[in-house]
Amino acid sequence: MAAASQGPLPKGLVAVGAVLLCIGSYWGLAQAPGEIFMGDVQRIMYVHVPTAWNAMLALTFAFVCAVFFLFTNSWKWDNRLEAAMEMGVVLSLLLCTQGAIWAKPTWGVWWDWDPRLTTTAVMVFAFGGILALRAFVDDPMKRAVWSAVACIVAFADVPIVYFSVKWWNSLHQAQSTPATVSKAFHWPLRINAFGILFLWAGLVALRTRVAALRLRSEIAPPLPAPSARGTDARASGSAW
Amino acid sequence: MTAFLTALRKDFLLQWRGRGQIVAIFAFGAATLLLFSFAIGPDSVALRQHAAGFLWLGLLLASTLSLAESFEREMEEQALEGLLLLPASARALYYGKAVANCAQLAMIGAALVPVMVVLYDAGTIRLLSLLGVIVLGTAGLSAPGTLYAAMTAQTRARQTLLPLLLFPLVVPVLLAAVKATSLLILGDPMGQLRPWASLLGAFAVVHWALGGLLFGRVVED
Amino acid sequence: MYVRYGKRDHRAELDGNARIRPPSPLVRRCQQGAMKAATLRDRAYSIRRMIAVAAAGLSRRYGRRWALTDVSFELPGGALAMVSGRNGSGKSTLLRVLATAIRPDLGTATILGHDLRADREAVRERTALLGHRTHLYEPLTALENLALVARFLGGDRRRAALLERLEEVGLADRAGDAVQTFSAGMRQRLALARVLQQEARVVLLDEPYGHLDPPGFLLVDGVLRRLRARGITVLMATHLLQRGRTLCDRSLVLDAGRLVFAGATAEMPEPAGSDGAGFAEGA
């Protein structure tokens, strides 16, 4: 991935992803037959479900980056962490918006306390808070360590939040979750899922590059190492 | 173990010396409870129904003050770094601080109960269970709270960052504690208290373990 | 004087506390032997003039600025060394790196045979730092601050012993007062007492004379002499060059993060431009 962030691969990914997304969305939103009970409103599932998968994937990737950073102390994992968290927050925000768009015509309110959507909203605040933390810390090493620690704690909290909200909500009303898609129409779903996956993977790679450049402008470059010098163990390796 | 006890003793001593501030934080909590009743209106039925929520919201707001203050003394002369250099185990220091914070929050919570009883006519005879719920809830608040307070005490915008980081994280505590307290106040015909209490316990266990593991990285360079 | 017995410390002399059973004589001899072996190993560094502190290529940056660049030197055990330089030349950073308060970005150092990076706990057990911040708890009293150190390190925490320590720095009459009532000079003295309480084999002092009055200067001189007499290696950062030259046998000079001189004090060059020449140093 080190070389991948530099070359044309990220832009290629973004392009392919965008194309796939267009195909899948057109198919699902315009071509696929409407669902029996909810009609056209249900078509948002062709975008909503792939976004949900990818949001969770992005946040899981952020968690993995955080763990790797704490073990390796390598800047490249911090750059990826920053990119992945931003992407996770953006996708989760999209998810909440789509959920609201679905809920208004269906339930008449902008927000139904669906466990999955509510957990997503909590995650937006949690990871958004970590991004805010990054903005207020000047020392790059502290910033990296703290955001990795906060990311791990927030991610470990996700299942607990989900179960507690699910339980809490189940006592109030029998909420039906946004309907699943009938088996016959999985293809637009899959195409969209991969579309969004490639899209966010490419964007994260590009954003990682930006983060690395920003870091490079913040810290002094490593001193040239003569033969007798010890190794740089505090933050090692390339920024990728 | 002795390191943990020494750290705990140190934190209790610091709390005792700063007990004026604890009283002020309690007053802040009581004031927020009062404000909630003004926000809802003089509808005693509604107030009674939501009393548990108000109590825990008030306690949550008070906790931001209490947690932030717990690290003031550690950072002003870098006393925490001084202890780490002795050497003292970071884990022991964390658990000492977290237990002391939990005790302080539980005391403030317990002190807010009579305020709740008076303002919202929301009492319960199951006082011991209520105290248990308060202890479990504040344990859940203080574990991640101590971790984040240590972080934010070293940053610029410490007042805003701590609640921003902590509140989304402790949503399960809020949900479960409010539910459990509500059951105690309004009656629990189906015996649902235990599952909510175990949710609080599970949250506390997970975060006390995580905090102990991660605290060292947060305070060391 | 006490020995460790299992996981708890028992006082060899009973303090009128009948609950504490002293360990059997055989156990005591074995444990004293073990304790002696460990401290003898450390003491050997000064007895046999081995190198106690060896820095190799230490470098540390803060943001875009390298505060220390490739600092390498050796200090024999028992040396009383001073490090001097202009403001911002990296003296405090060097002391903090050696004390393991901050990590070096490049290079490493060995203190009494233990590596800074690999063996941080062991280095911390053997070093004590008097830093720019006092490491004190303001609401606690002088005695309580010292007792805290004693508790963590398993040292003698009887009131009499701690009072003796405070007497050494001239604070015995303010033992029961909270640190927030202290002046800057008194805080400095208490911080010094705290360092002495740690009974470390390598002592790192950052501007020990700062904030002190003339009697305080003599106090620090006395402390330094006593430390040297016990074979403890001392590295002191100071601006008081004349005082340093009389006391210290070795000296380091830093300039903008680089080491420009390391050797015997007698051979130390005069500061460039003699900016300090016109100032009268402390008495």
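Just so it is clear, A, B and C label the chains in written order, and each chain counts residues from 1 on its own.
Please note the rule applied: a contact is a pair of C-beta atoms (placed from the backbone, for glycine too) under 8 Å apart; a residue touches a chain by one contact, two chains touch by 3 or more.
Since the structure is predicted, the reported quantities are computational estimates derived from the model, not experimental observations.
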Shared touching chains for chain A and chain B?
-> C
When the contacting C-beta pairs are counted for A-C and for B-C, which pair yields the higher total?
-> B-C
Most distant chain from chain B by Cα centroid | C
If you average the C-alpha positions per chain, which one ends up nearest the average over all of them?
-> B
Chain centre separation in whole Å, for chain B relative to chain A (CA means) = 31
Give, as an integer number of Å, the spacing between the C-alpha centres of chain C and chain A.
-> 49
Centre to centre, by mean C-alpha position, how many angstrom separate chain B and chain C?
-> 39
Pull out every residue in chain C that's touching 2 or more other chains.
-> 103
Would you please write down the residue numbers of chain B that are in contact with two or more other chains?
-> 221
Residue list for chain A, restricted to those that touch at least two other chains = none
Per the touch rule, the chain C residues reaching chain B in their complex are 7-8, 99-103, 120-121, 124-125, 127-129, 131, 133-140, 144, 148-149, 151-154, 178, 194, 198
Residue set of chain C touching chain A in the complex reads 56-57, 59, 61-66, 69-70, 103-108, 117
Can you name the residues of chain A that touch chain C in the complex?
-> 138-140, 218-220, 222-223, 225, 228-235
The residues of chain B that touch chain A in their complex are 144, 147-148, 151-152, 154-157, 161, 164-165, 167-169, 171-172, 175-176, 179, 195, 199, 202-203, 206-207, 210-211, 214, 217-218, 221
What does chain A use to touch chain B in their complex?
-> 70, 122-123, 125-126, 129-130, 132-133, 136-137, 141-142, 145-146, 148-150, 152-154, 156-157, 160-161, 163-165, 167-168
